[in-house]
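Pasting the structures here.
Each of the next two complexes has subunit A plus one more chain, namely subunit B in the first and subunit C in the second.
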Partner chain A sequence: MTAAPQSTGRELTGPPTDGISNLRFSNHSDNLLVSSWDKSVRLYDASANALRGEFMHGGAVLDCCFHDDSSGFTACADHTVRRLVFNYGREDILGRHDAPVRCVEYSYATGQVITGSWDKTLKCWDPRGASGQERSLIGTYTQPERVYSLSLVGNRLVVATAGRHVNVYDLRNMSQPEQRRESSLKYQTRCVRCYPNGTGYALSSVEGRVAMEFFDLSEAGQSKNYGTFATGGCDGYVNVWDGNNKKRLYQYPKYPTSIAALSFSRDGRLLAVASSYTYEEGDKPHEPDAIFVRSVNEVEVKPKPKVLPNPGT
Partner chain B sequence: MSNGQSDPLLQVETTCGSLLYELQIIWDEVGEPDAERDRMLLELEQECLEVYRRKVDQANRCRAQIRQAIADSEAELAAICSAMGERPVHIRQSDQNPGSLKEELRAILPQIEEMRKRRCDRKNQFVEVLEQIQKLKNELSDSSGYISTTLVVDEFDLSLRKLEELQRELQALQKEKSERLKQVLDYLNTLNSLCLVLGMDFKQTVSEVHPSLGDPEGSKNISHDTIEQLAAAIQGLREIKIQRMQRLQDLAMSLLQLWNLMDTPIEEQQVFQKVTCNVAASENEIMEPNMLSVDIITFVETEVSRLEELKTSKMKELVLKKKLELEDICRKTHLIPETDSSLDIAIEAIESGAVDATCVLEQIELQIAKVKEEAFSRKDILDKVEKWMVACEEESWLEEYNRDENRYNAGRGAHLTLKRAEKARALVNKLPAIVDALASKTSSWENERGIEFTYDGVRLLSMLDEYNILRQEKEQERKRQRDQKKLQGQLLAEQEALYGSKPSPMKNQSAKKGPRLSCGGASNRRLSLGGAILQTPKPDMLHPPKSTPNTRHGKKNDRLSHDPTRDDGFQALSSGRRGLDIAGLPLKPHSFNPPNSRELESPMMRKPFSPISSTDSSKSNATNMLEDLNRKHNEMLQKTLTNNKTPFTTPSKTISTLDEENRTPKTMAIPLPSTPSTVTVPMLTATTPAPSAPESLEEIEYSFEERRAGFVVPKEHLKTVIQI
Partner chain C sequence: MPPRKELCRNFQRGSCQYGDRCKFLHVTPQQSQPSPFGFGTQTGTQFQRTNPQQQKSNPFGFGVQNNAQLSGANDFGSKPNQFKPFENKWSRFSPLNTSSSSTSRQSDSQNPAPNHKCTDPESCKRLMIEDFENERPQWKLTCYGHNKNGPCDIVGDISYEELRASAYDEAKRGLSLQSIIDRERSLLNSKLVEFQSLVQNPHVVSSNATLSTQSSFTGVSPNAPMTIQSGGPPSVSSFGQLGASLNTSGTFGAASSYTFGQSHPFQNNSQASSTFQRNNSPALSSYQNPFPTSTISMPSAAYNQSEVLMNGVNSALDMTKSIQLT
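Then we have the complex of A and B:
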């Protein structure tokens, strides 16, 4: 794509003007949805490097996700959860929390939008409900602490909150958590993401460690194939890991500033990297916010063949 | 003569000559005069001249006619040529040797003939094209019955140019026709797919628009009118489709909710999989034939109403079941179900149909969750209460036993009783420590939560207080009794010295039982009642527990090395760990435990302490209530006591029973196996730090985002969470 092989990938033109809170690839195309502290949500065509749409909100946008290729949801610091329709530039308010909404996910399994907020609740929404909270709100579920991160796989929902709590829900029965756990890491939880195969989740802390957890404890001992995953840190590095062998596979060249968010495209050929200062050291001068889209070589993410001590077995 | 025959003129001349000669002869014979003869000859000459002239005129006229014919022909030829847009082929070439007029005419006639034929052909072509144009125009025009004016071919313009023009027009019309046809077919396709999805008869729908459209082979009407009607039909069907889709999706949603609510088996759900998978589909995503037919919708509707009915019948059942569950949990944990009466009312309301059962169910479930959470937090205190009660029971037995004058008489089973007494004494020695530990634990629990710890509706602390007061009273009484006995002894000795007889001291003792009874707290009476019935149903035994063995105070220090110390030691440990833990999680040291046991760290434990509001709830109220409650719960209490007897004597069992409840409270797991001798001194001091420790640690952690957004956790918010 670019001349130097050791490059950081192609930088998208027209990045947000303030910190990037999240970015996500669509499941249907190479469209990239980006939410930012500059109160905007932007839709890019990553392969064409073109800005396809922009929405302005009443507050910083803390998270975003796709509904289908033509619409998405956002979590806003002005306490609102919104639905965006890209083609018409339309936006509806799906509902409100009592505090800034930190994260939003859309469940294809149940057709619900799930939001987590600093008001210590989780709310489920029906996006088809006509505008008006009373029509779209499905349920409110109190959490032990402020919700920091959410992740979904199948019918499982993992909620990470302040105070290192981790609640695992079954979306079909939200009345109480299926499991209540504590983070196995010592420090504040930063992010949680489920394995695509649905056996567990990876959890990261502000200290920079990542723990791999399993829903079913008996699976923890077995060596299951859960593939590789990428992590990005405030050191500006993106690493690709082989979870099976607990080895680092690849480290990409350093990005200008902290990695605020990462997203693989639907086929895994593209990796979007938000290089954007995340205010870990407070308000201070920092590099401009940027989005890089790099193509992923197979070498970088393919686990190296395991050297077996006895090839016969 | 033969010559004359070959030439009629010659013959005529000879005949004329012979006739003249005959006339000469006749005249000679008659003897006509010469004058007469000349006159007659002149007359003859004149007559001949006349005849010639007539013939010449005739010939002249004939020539003029031929000329006219030629001119006419040429004019026609020219006209035809000009009409056909061709250059006049043949204009008389006068300079060329013309030949006779007749030749000329003969030459021109075939040309005319030829041109006429060509013109006719051309005309036919025109007619053909015009006919087609007319036909197309008719087809394209809106009114199908309209018949055009008769075909008019402009005779004077049959040029190729004109023909081409017409053909272009024809092509344009044909193109338009094909476009329209395509549009119609498109519409028909759309209509067909809509009809398919909606389960409607396509042919009938189409025939209603225009009869010609229903025929798959025949030509279709493609007028504007028809197209508009088709578009309208499509619009109509699409509206119906959206309507039905919304209806179906609504139904599907209720289906899903009902399934979810009633745990409908997958097989039953499978039938409607097709429907429910479209719950979030948009209008153009639903393409499956008959997906939105009336049949399917009614099918789903009946299922929903079936489930709805099932639900209402089941719901009551469920509500009652849940209510039982709630009551059961409450009973097990000695909690008073708060909204018992309101629940009853709610159930009645369900029966009368005034309230939605789901609301009530949700409410109950919420209560169950709440109660479970509370029960869990009460667990270890309850365990201690049980121990305490068992100890009290033993105490009362021991008292009774001590009063038995014949207790040392060797009889059957006496050695067993002795052993029991030995054990009971040891236990009774521990009692104050148990009570103290229980009290401190309870008060720390209360501080932590800001609510009172109640036991069957009575505040546990007041129960303990009463017990302590009672114990002190008994102690004093005992002391007084002892003094009195001593005094009596002296008196008796004096009397004996005087009279030599000795009254029984027992009389006085029994008389003193009265006042003790009246001052006994209700809670204690309940305890003693339970204890008494458990043992032997002797009527005397109702009172004994109120009297406490006098040895208790003396050995207090030794006793303290038991239960309370263990707990306190543990608390010290955990609070110490607390200091290390930045997240302020008190029970962190047990992170090696499997995660399912982490429930222990329920949010309750980590919340800051809200000020104790009114811990001194009026004792009188409590005791008043107690009287009633006691009666109710006596029976139940006996049961609990019998159950709890075993865990107390065999501590290992407690653990197992706790495990069954899936709680595995670490606080219990550690103290039980530990030997009392190892952990010793710091008990009463260590219990108190609990309230202060978390307070200092309650510095709230914030994420980067929260700091950046300037988000501060509101104070009231904390409180509400605690009160859940």
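Then we have the complex of A and C:
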């Protein structure tokens, strides 16, 4: 494909052959890691639009993350947590859960891999040791329900489970959660993401809403703590929101099917969009799964000045 | 000669920057257009999928007959200004500013109202009815709590990925597509019945059933969950229905751990969490007997999701990293 990027962004060649579960930009380059229901994890150079590597797993891969630019971790439906070394095309099993592993994150603060599973546990792993669960498992932490999403910032970990439970942990003391909450939304939680400034997290649900939460209540009232963020929905739209004004900043042109995953590059220049049917209507024919990488213009994501309330109200 | 009458791929996908100047053909598909997701049935038009296979109801188990559909073709048929995106005309009162959260919507914090307290079953019921009429999500296998920051009234939600994983697993074991669909559909029906029953008999599930512990962060203590019996039969409780059928079913093995990819469907523990029952399970068919077979139809009020702020389901969030409000 040599045509100029279309309104949806440039479509990556060689996408996965089945649904995309997640995609992530590296913190060090424009490398993009993509996990898929076709049991593969693929590494792309998003700027060059080139497939750099592919790793097959024993089941659908539900999540992936980078460690550094040369290695990463994956969460697989065959209950395994795997470590991938890109340059050597090597992968090995870091450990296992008792059910499909839904989420994986790497904590730079602690140097640990954290996974959440439908077996209702969170596990922390040390990736430096040899493979095998005995060596690398640091701890197992029971959750009230199956883990659906998790996110890290600094020393904090937020876990969202089925049944609208949310646990907030301090990674330095995992013996019990720092906070136990229920979602402030009324329906099933889809996704949780921490603010990069570490003051709180955003939580989205199947009803199409996003709740903005703070770790520390004293920060809640301040108006400058929200940033801008993007959401992708099953309607095929990617929207960028201004958390302060609680308004939409921008809407990108519609993608062919549900937005399964989003990722900004490390400098915010690029946005990768996985347009991949997410099964929200059960099994049905759908558009082919595709990955689009688009440039991000400042006007699309820059918040507008804070709207002051009317004096009369 | 360049193919001037070839269909324009961009237009088919939703938008073409060249508009009338485009040298490829801009034509809308033959069938009536589905409107973008979530824009509901304001005009009462029957929307159809562009997929010719689905002329009538979706056979794939999710009964979205009257819902606005989304399958890649944009809505060029109807008037573009008929409904404004992201204009939520129905406003749910936002919590007081002292609470730690606020939902991200337009016209927010305009109408602060006290948080709901479960002191009166009638007010709980009113709130639930209002929720179900105005904000029923498209995804039906969801949990539900009428009290923000409070425990769920309906538990046992299933995520897209779990449903998909289960379907893949069954297909690998050789089950036919139709039997997979049937199981998904029966799951859906069970959940819909739970929602209907909840509104008829608001029964707040006690916290024992859903949480092992519930501690509150200082300053934000969720209302202590109360069990309100409204005099309905115990089987009506949202907790009981799936659980009852589960207990009577002999198809679940003794293994309490989650077995996936094995011969067992999803295993339930003490809670009525996600349950994929075997096809032709005797427990299931006996469970469904008391209920009218027309449970497959959607409550008609559920699809007035005409203007939902965030159009559909947000399955991905990402934070802009370098462009921040300072």
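Going forward, the second predicted complex is superposed on the first by the 297 of 313 C-alpha atoms of A that agree within 3 Å, B and C clash if a C-alpha of one lies under 4 Å from a C-alpha of the other, contacts with A are read in each partner's own complex, and residues count from 1 in each chain.
What we mean here is this: contacts are C-beta pairs under 8 Å (C-beta built on N, C-alpha and C of every residue); 3 or more make two chains touch, one makes a residue touch a chain.
Predicted model only: the values in this text are computed from it and were never measured.
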Subunit C versus subunit B on the shared subunit A, clash or fit after superposition: clash
Would you check which partner chain A:111 touches, where first means subunit B only, second means subunit C only, and both and neither mean what they say? first
If you stack the two complexes on chain A, which partner ends up touching A:262: first (subunit B), second (subunit C), both, or neither? second
Considering only touches as defined above, state whether A:286 meets subunit B (first), subunit C (second), both or neither. second
Go through the superposed model and pick first if A:21 touches only subunit B, second if only subunit C, both, or neither. both
Looking at the overlay, what does A:172 touch: subunit B (first), subunit C (second), both, or neither? first
Just checking: does A:154 make contact with subunit B only, subunit C only, both, or neither of them? Give me first, second, both or neither. neither
Tell me the contact category for A:254 with respect to subunit B and subunit C: first, second, both or neither. second
Under the stated touch criterion, which partner chain does A:198 make contact with: subunit B (first), subunit C (second), both, or neither? neither
With both structures fitted on chain A, tell me whether subunit B or subunit C touches more of subunit A's residues. C
Now for A:211: first (subunit B), second (subunit C), both, or neither, which partner does it touch? second
In the superposed model, identify the part of subunit B that clashes with subunit C, out of 600-608, 636-644 or 654-662. 600-608
Which parts of subunit A are touched by subunit B and by subunit C alike? 19, 21, 37, 60, 62, 77, 98-100, 102, 118-119, 142, 144-146, 148, 162-165, 179-182, 184, 186-188, 190, 206, 217, 278-280, 282-283
In the complex formed with subunit C, which residues of subunit A make contact? 6-8, 19, 21, 37, 59-60, 62, 77-79, 98-100, 102, 118-119, 142, 144-146, 148, 162-165, 179-188, 190-197, 202, 204-214, 217, 220-221, 224, 226-237, 239-241, 243-244, 246-248, 251, 253-264, 266-268, 271, 274, 278-287, 296, 298, 301-303, 313
In the complex, subunit A touches subunit B at residues 19, 21, 37, 60, 62, 77, 98-100, 102, 111, 118-120, 126-128, 142, 144-146, 148, 162-165, 172-173, 175-176, 179-182, 184, 186-188, 190, 206, 217, 278-280, 282-283
Of subunit B, residues touching subunit A in the complex: 249, 253, 260, 279-280, 365, 369, 582-585, 588, 591, 594-596, 598-599, 601-603, 606, 700-709, 711, 713, 717, 721, 724
Where on subunit C does subunit A make contact in their complex? 10, 13-17, 36-38, 51, 53-54, 58, 60-62, 64, 70-72, 74, 85-86, 95, 97, 99-106, 108-110, 131, 135, 137-139, 141-146, 148-152, 155, 157-165, 167-168, 177, 180-181, 184, 210-220, 222, 257-258, 260-261, 271, 273-274, 308-326
